[in-house]
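Alright, structures below, take your time with them.
Next come two complexes built around subunit A: one with subunit B, the other with subunit C.
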Partner chain A sequence: MKIEFRNVTFKYEDDCDLLTDISFVINSGEMTSIIGPNGSGKSTITKLIMGILTPLSGEIYINNTLVTEDNINDFRCQMGIIFQNPDNQFVGLTVKDDIAFGLENKQIERNEMITLIDKYSKLVHMNNFLNHNPENLSGGQKQRVAIAGVLAMETEMVIFDEATSMLDPIGVDEINKTLKMLKKQASKTIISITHNIEEILYSDNVLVINNGTIVAQGKPKDILFNESLLNEAGLDTIETVKLINKLSDSKYESIVSDLWTLTFNM
Partner chain B sequence: MDINFQHVNFKYDKKQKINTLNDINLTISKENEFITILGHTGSGKSTLVQLMNALILPTSGSLTIFNQEIKQKRNQPLKEIRKRIGLVFQFPEYQLFEETVLKDIMFGPVNFGLNMEQAKQQALDTAKLIGISDDLLERAPFNLSGGQKRKVAIAGILASNPDILIFDEPTVGLDPKGKKELLSLLDKIHKETHKTIIIITHDMNIVANYSNRSIVLKEGNIVFDGKPIDLFNNKTMLQSMNLDLPYISRVAENLKAAGKINYKSVPLTLDELYDCITGDLNE
Partner chain C sequence: MNKIAFGQFVNTNSIIHKMDARIKIIGTILFMITIFLVPTNNFYLLGALLVFALILILLTKVQLSKYLKSLKSIVFLLVFAFVFQVIFRNNGTVIYIHYFKFTWNNIVVASFIAAIYLLIRKYLPMKFIFFVLTTVLIIYILGLPMHGAILNQNTIKLSIYEEGLISGSFIILRVLTLILFTTILTLTTKPTELNNAIESLLKPLELLHIKTSVFAMMVSIALRFIPTLFLEADKILKAQASRGVDFNEGNLKAKVVQIISLLVPMFVVSFKKADELAIAMEARGYIPGEKRTKLNEMKLQFSDFIWLFIFVGIFTTYILLRIL
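After this line comes the complex of A and B, so read on.
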């Protein structure tokens, strides 16, 4: 699913601009991270993509078609979203019921439903918890169940809207691993909205947003390397990259190359 | 010692088979300690800090706080202890309730007996220390951003001028800038006033960069109490506690394994690793 914003501006009535003249392209099958501090306008972008909000000016194109009120529903059923708070997205009494919820709404036939639940609970390593009550799971496990529920709908695109920000480091690690694996195995379009810099490492593209405008876009390595830009946006780069920036003398070339490898592979 | 646990046990419910905290022995001074409390969800961290300001009472054993024996009974004078030991809960911004930021910060000092004039002065001084700008003081706390709200909530505790400050996961949910600001502030308070600061955290980088003592809890027992470096240098012990090394230490281990650097004690901070790299290569 290809998403394109052309000069999009958005504000609520009588308020100052939340987003000003935003333009970007998210290519089909790629993973894009949208990173910015609290209150920068990240979640407004999600709402615009999903058609929950409409731009004040500018256009949004999905698969090269201009999005309008008439066609937004056709696109929206191809989008899944994982929210911030794992506790707010459970409806079933067991993990299995919960993953089944969306499928039931879509009136999927029973045998197919069982196949889908089996497939996606395995993918997020939660297949041994199918009969558990979601309430008794850890934060990271709950989010993985929510991910399985969204994946089972087999939409073209999945959005992670600050899916790790309420988790402890173990939970964050679990979700990062799941994302990484998803990127390898499924040819989905993934959007990850975050203020956690580590989540951009395995993205194809990164958009940095601050005060409602895009202040940089590019490959993770280029974004990470620009420490001053990230600092200006109230963000922080990864510690290895800070070290790389300090080791500017050419005699450290070999160790700098090791540090880059570790940054992306540790 | 200012806080003294001797064989303290704690259960929330008499019927509970296993103690929530078991045979806790611990002494904490009100000066110069920067303590991180570590352990998994459910290991007893929050229970331990609630005992430290007598918010809950020990089931058995002896707990003394500022020379006052805390007994297992109601109607004992605890207000002085609550004033001297400030406890900031997780997501403290949910507890703001006054009409203005200034009134919210003043609430503690007034409650602990200062007159309005003194309390206001105390609140203004604290707001300045924390970096809450004057134009925010007359605003409603609910309209502030998440990071600002948390600062106000922390100012409310600091304004009572406690001797020891305890924080339950203070950085969770803050963005990187908010996190850095808050930690620098705690570090500044610690360095300037020498007050003891105690932080519950899952973040090994906070442990490595700020604390001079770590207490690890596992299933209600204290399994480590000592310097962070001694914790991080003992890989087997770390693994048995399900704890990880700080990020920068894991980088150092990888570089050492690749034969790129060498060290006796694992670097815990960026500066230590930098010194290790530049020192080795200069030789």
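After this line comes the complex of A and C, so read on.
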């Protein structure tokens, strides 16, 4: 699923601009991270892609087709979204019921549903919890169930809207592992919206947003090395990069290259 | 308050557990009606129903203590109903007459006992039994022919009639049987199954263009969110307590303010949760009232028909007995 923003501007009535003249392309099958501090307009981009909001000016193209109010529903059923709060998106009374929720809406036959639930609960390592209640699960586990529920619908695109921001470190780790595995196994378009710099490491493309504009766009490595730009956007680069910067002397070359491998092939 | 179990489901995988939830609901409703079809003071017919309930209880393989626990909450109601029947029925044969003599001596001794009871009540195990014992003791003392100035010229006479005792016991037995049948239902059926069964049973209403699937979705989401909201309430309580709100102290006015300080954030949280849930549900393709397939399909087994036959059989027998 290819998504293209052309000079999109958005604001709520009588408010200052939330997004100003934004243009970018998200290619099909790629993983794109959108990073920025709180209130920078990241979530507004998701809402624009999902068609919950419509731009004030500019156009959004999905698969080279201009998005209008008439065709947004056709696109929307090809998008899955995982929200911030794992509790507020758990619909079913058990894990199994919750993964089935979207499938029931899609009117998928029962037997096929069982196969899909089995497949995707295994993918997120929740297959031993199928009959558990949400109260007995940790935040990370609940979020993994939400991911399985979205993946089971087999949409072309999955959006993670700050899916890790309400989790403890273990939960964050669980979700990031799932994301990495997803990127390897499934040829889905993934958009990850985050304010955690470490989460951009394994994406193909990164958009840095600040005050409603795109301040940088590129490969994660290039973004991470641009420390001053990240600082300007209220973000900080990862510790390894800081260390590498400090060590960039010829005699530490081998250590630096080792650190690189460690960071980007993790 | 970190684990709130909703519903009382106990899994023992007995034949009652395997019974289709719809049959269980129909059975419970039929028995409720049957219990009220039993003619007043006919202990044989009611006893037969109680025996049937006990057989079902044995078949559920759930510990008896679970049933007793559900009866515990209505003990007060039962005793209240019994006492009222005994005091206010005044026809038939008198079996015992109790004279209350309000002499100074009696009143002082009775008040003394009552005061001791109230003081040590906190530390007593099995509060209810002690309450009954104290009450009986006070009533006995008030009946003693002690000397002393009589407060009231007339002694008060309490007559206990046979009729009162019989109808009191009948009411207790009736409520007891009723509670046992409903407890069997709730102990052996998961809330999810109950909800699915209710949805399935209400399906005929769709002919009247009432969207039962929406209703069932509402119930299921309510079931899903009760524990979450409890946790949320707990968090707010703790947050308020840490800022100095004492929920146990204060007069009525202070209490009202405290409750408002809990209710307002609770409303805000609930609305926010509902809003986010609605967006999440919509994002996963839920359209209210639209046709959906079901993961949990309910299928009637042969044994379910046998159970239904038994339940309807008992029901019709009681109707026939009532008519003939």
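The rule is short, and it goes like this: the second predicted complex is superposed on the first by the 264 of 266 C-alpha atoms of A that agree within 3 Å, B and C clash if a C-alpha of one lies under 4 Å from a C-alpha of the other, contacts with A are read in each partner's own complex, and residues count from 1 in each chain.
Here, contacts are C-beta pairs under 8 Å (C-beta built on N, C-alpha and C of every residue); 3 or more make two chains touch, one makes a residue touch a chain.
Predicted, not measured: the structure shown is a model, and the values here were computed from it.
S.K.: Have a look at where A:66 lands relative to subunit B and subunit C in the superposition and call it first, second, both or neither.
M.R.: neither
S.K.: Identify the partner contact of A:234: answer first if only subunit B is touched, second if only subunit C is, both if each is, neither if none is.
M.R.: Only subunit B; A:234 stays clear of subunit C.
S.K.: In the overlaid three-chain picture, which partner chain does A:52 touch, first (subunit B) or second (subunit C), both, or neither?
M.R.: second
S.K.: When the two structures are laid over each other on chain A, which of subunit B and subunit C touches more residues of subunit A?
M.R.: Larger number of subunit A residues touched: C.
S.K.: I'd like to know which partner A:109 touches here: subunit B for first, subunit C for second, both or neither.
M.R.: A:109: touches subunit C, not subunit B.
S.K.: If I apply the document's touch criterion, which positions on subunit A are contacted by subunit B in one structure and by subunit C in the other?
M.R.: Dual-contact residues (subunit A): none.
S.K.: For the complex, which residues does subunit A have touching subunit B?
M.R.: It is residues 37-39, 138, 165-166, 168-170, 195, 197, 234-236, 239-240, 242-243, 246-247, 251-252, 254-255, 258-259, 262, 266 of subunit A that touch subunit B.
S.K.: Write out the stretch or stretches of subunit B touching subunit A in their complex.
M.R.: Per the stated touch rule, the residues are 41, 145-147, 172-178, 180, 202-205, 244, 247-248, 250-251, 254-255, 258, 260-261, 270, 273-274, 277-278, 281.
S.K.: Touching residues of subunit C toward subunit A in the complex: what are they?
M.R.: Its residues touching subunit A are 3-4, 191-192, 220-221, 223-224, 227-228, 231, 273, 276-277, 279-281, 283-287, 290-297.
S.K.: For subunit A, which residues are in contact with subunit C within the complex?
M.R.: Counting only subunit A, the residues touching subunit C are 50, 52, 76-77, 79-81, 83, 85, 87-94, 96-97, 100-110, 113-114, 117, 133-135, 149-150, 153.
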